[in-house]
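Across the two complexes that follow, subunit A remains constant while its partner is subunit B and subsequently subunit C.
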Partner chain A sequence: MKILKSIYKLIFFISVIFLSTAAISSENQLNDYYKTIRCLVCDGQSIQESDTEFAINLKEQIKKKYDNGITLKEINKELVSIYGEKISFTPSKNHIFLWMCPVIILIIFIFFIRRKYKYR
Partner chain B sequence: MKKTLIFPLSGLIILGVCAFFFLDPSQEKEKVELSLPEVLFETSGFYDQEILNDKELDDFFIVNFFASWCKPCLAEHPLLMELHANGVKIVGINFRDDEDNFVEWINKHGNPFFHIIRDDGTIAYEMGLIGVPETYFINNLRVVKKIQGPLFYEDIEEYL
Partner chain C sequence: MYTSIFAVLLFYTDVYKKIINSHVKFINIIYLLSIVPFFLLVLGFGISDLSIINVFQNSYVDDPFLFKITSVWGSHEGSILLWIFLINIYGIIFLRKNTDKQIHKQIIFISSLFIIYLVISSNPFENVNANSIEQGMGLNPILQNALFVIHPPTLFLGYIGLLIPFVLSSHILITKNFSEDLFTQMLYWSKISWFFLTLGIVLGSYWAYSELGWGGWWFWDPVENISLIPWLLNTALIHSLQVSIKNNQLKLWSLNLALYGFIASVFGTFLVRSNLIVSVHSFATDPLRGLFLIIIIGYLFLVTIRLNLKSAKYFNQDTFNLISKESFLLMNNIFFIAAALTVFIGTIYPLFSELFFQSSVSIGAPYYNFSFNLLLAPIILLMAFAPQINWSKHERKNNNSLYIILFSLILGLVFYYFLSNFYFAFSVFLTAPIFLKSGMMLFKVFPKNKEFASQWLGHLSIGLFIIAAIFTEQFDYEKNISFKKDDTSQIFLDSETEVVLKNIQDIDFQNHQKILVSLSVLQNGNEYILSPSKNIYQPSGQVTNEVGTANDLLHQFYATISTIESDQVNLNIVFKPLINLLWISAIMLIFSIFLSVIKRK
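Take a look at the complex of A and B:
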């Protein structure tokens, strides 16, 4: 009987811990997402740090959509379609060539210089 | 000499191929398409409970975001009154405002709006609002002009 009681207690505690961590993690996920959204009225700040009416409203709307079960990916897509790509701090993959360009050029240069030194 | 040229040349070719595949010229021209969200037409008004869909709108009308806490809104208010006097239909959207303050503000300064919607931020989000005041000039349900910040006489001259 005593063992059964303690097992129940254990299950209760585990479920409480599990639920609370789940709540915290969803909150953290949202907070992390806010950090990737640029506040358009305050240069260089994300909406997570900003207290302008624009940022507060955006956070509310995003939270409302998130609580309704829309994934962050879909929310991000919608935000970009409304405000343009400048709203996001994380650039889309369309610019991967732009980001890789210096690396490619550097590799070509290294190749060129190495060959030059080999022949000396 | 020819051998040394092979690598930079091949590099250039690779760059060219990459550019061809990854740089989409249509991407650069892409601008944010401003469209009117459905919420705007389906939210009931403050003074009459009708929705905008049931009301008779002209081809050309103006959507203006305002709030009683916003000082620049007061600055552009006489211009809105003038537009109203000239028969332009203005849809006013009261952005995140206290109801009492808003009613007091309207009673004090006059009502240039053809239809007023009180918004908790949903319509503003859907329309891509950045801050109040903001004005959208709409022709045939398409945004032809968007002005952030207060209106000036030059902005509305052609519609008077």
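Take a look at the complex of A and C:
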């Protein structure tokens, strides 16, 4: 019976989440965005996790702009132009080598394997 | 007194070659001698001997006794001493299994490298003028936690556990003795290291999540990354050793993995202590320390290259079928090593960027998530099928893999249709084969043969872990709320859930003051009590956050106080679905390796 109950609960939660995904998204989107912005006065935390003045002010500013209808992409561009690239945890497209490196490493490895080991 | 101990230690590093060759007992004595300073430092902290700078800086007379002891590894000097202590503990235990003097010579050599490092650049026993101080500066409050008692030593046990495969591997390469016995020993020790490494990482992650109130369980912080690199390499090592032992292939490959695994763990220590990267884990740093550690790493690296060049001719080309166990294990290795390399590059890339492009850059979750999704997704699919597939020397049997994959694809589509979340649906597709195969194992294979139990449990828990992690990340929801003090109104989290402030209390403890906020969350007639708090520590006045959580089976409500103003409190409440499944699967994973270690005995 306990298992049945927990299955029922699971189904319930999944349906609640399914129903609420549409409703809660805007605040969640903002919170997710905060996680990609570095708190420059802390040691490597994002402004979402930090309680410093810097983080709180920045969050307020972003929220104001977001509520005025400016998209997150534009906000991000503005932040990068003010604080430099360090502010964002997402490296820009200038660092193409970095983004390519998982693929490059994989290709090098496969090449290496093909030379070193024989497949029948 | 302390300086004389160091004189003795330095003395033995000079003359150890002479005595070590005479008798095994001397090796034991050397190991025992090297663990003495650690106990002395523990004693120093225990009795709060404030004439030692390190004790003065990291401990407080009124701290609880347990935290006085754990202050030993709260500082850089103390943790390096712990590192040396653990190397020698491993040495003592390893001596019972293997009395080969040549191997122990290497362990002692590496241990003495670190001892020299300790004496030159970070002596924990330095004295201070005893008149000027009364109480000590206190252990960093975020470290005053029961988990800090075990997290660093476990993680260190994991890092240093890789030393044994390292010395075994270099021993094999030096003596050219490729006997199966040595490889089996290597597997055993790398499993032990893997056990502690996983436990250490999970403890650290749980600590950050449940105690420090960072709101998540993984941050891709540089220090987390450098513990992940040895873990990934060690995972690859355990898998490739299976091929080396059972099928006599990939031997040089495994040996190299063992060598680089230990180098990676030393490199991790170097990176944290050298002030080169910014991390939430702050250590008192100093460039000299970094320089010395890089010399040690450079030395180990050169040894590795030299051993490789000398022994390449002893290995012949391995051949195998594309669809066979060894081929799948090789693929596992490729992807795991590639993942380790991407983490490595992501961690040090900001340094290069600053040096060469004059632009500082932050690399966080978006990059790592991208590369991990890319690299680990194929592995997860393989993980379901690899355990039961045959070696290429055997016949291939018919199997139902194609049907399973097809079925999982349909299952994934069904989830996508209902939840309209691509990531979760995709992870269902990837992990479903594991669950299906587990079901089959449970009914078909286990009644006859329990040989694969640990392996199966390990893979199953990884599957559960992925499901839980993706589900939590995708479906958590978070709200910032504020209450006026003495407020009795309700705040709605969503249409089903409401939050009420119960009370705010001030409580005094031995070395800190606690401001405790009690909340009550009501959801469908169930009440959950959350009590997050802020602690203000003596003597530094530093403030830490403590999380209030309430569980609902596998789900969790999670609250932290962001700020307390004169008339109101601001809180952050998160609903994290399935988060407990994540911890359960992590425990299962650790248990699975435990099973496989005791099975070998």
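Simple rule for what comes next: the second predicted complex is superposed on the first by the 79 of 120 C-alpha atoms of A that agree within 3 Å, B and C clash if a C-alpha of one lies under 4 Å from a C-alpha of the other, contacts with A are read in each partner's own complex, and residues count from 1 in each chain.
Keep this in mind: contacts are C-beta pairs under 8 Å (C-beta built on N, C-alpha and C of every residue); 3 or more make two chains touch, one makes a residue touch a chain.
Treat the numbers as computed from the prediction; the structure is a model and nothing was measured.
Of the two partner chains placed by the overlay, subunit B and subunit C both lie in contact with A:G84.
Legend: residue contacts after superposition of the two complexes on their common chain; A:P102 is shown touching subunit C, with no touch to subunit B. Contacts of A:V41 after superposition on the shared chain: subunit B is touched, whereas subunit C is not. Touching more residues of subunit A than its counterpart among subunit B and subunit C is C.
In the overlay built on the shared chain, the residue A:I70 is in contact with neither subunit B nor subunit C. By the touch criterion defined above, A:F111 reaches subunit B but does not reach subunit C. In the overlay built on the shared chain, the residue A:N31 is in contact with subunit C alone; subunit B does not reach it.
Subunit A residues in contact with subunit B (one complex) as well as with subunit C (other complex) are 84, 94, 101, 105, 116.
Of all residues in subunit C, those touching subunit A in their complex are 214-216, 221-222, 278-280, 282, 317-322, 327, 330, 334-335, 337-339, 341-342, 345-346, 349, 353, 359-367, 370-371, 374-375, 392, 418-421, 475, 477-479, 494-496, 545, 552-555, 562-563, 577.
Here subunit A touches subunit B in the complex through residues 40-41, 52-54, 57-58, 60-61, 81-84, 94, 96-97, 100-101, 104-105, 107-108, 111-112, 115-116, going by the rule given at the top.
Contact residues of subunit A toward subunit C in the complex are 6, 9-10, 13-14, 16-18, 20-21, 23-24, 27-28, 31, 35-36, 38, 42-46, 48-49, 51, 56, 84-92, 94-95, 98-99, 101-103, 105-106, 109-110, 113, 116-120. Residues 4, 7-8, 11, 14-15, 18-19, 22-24, 27, 31-32, 95-96, 121-122, 124-126, 128-132 of subunit B are the ones touching subunit A in the complex.
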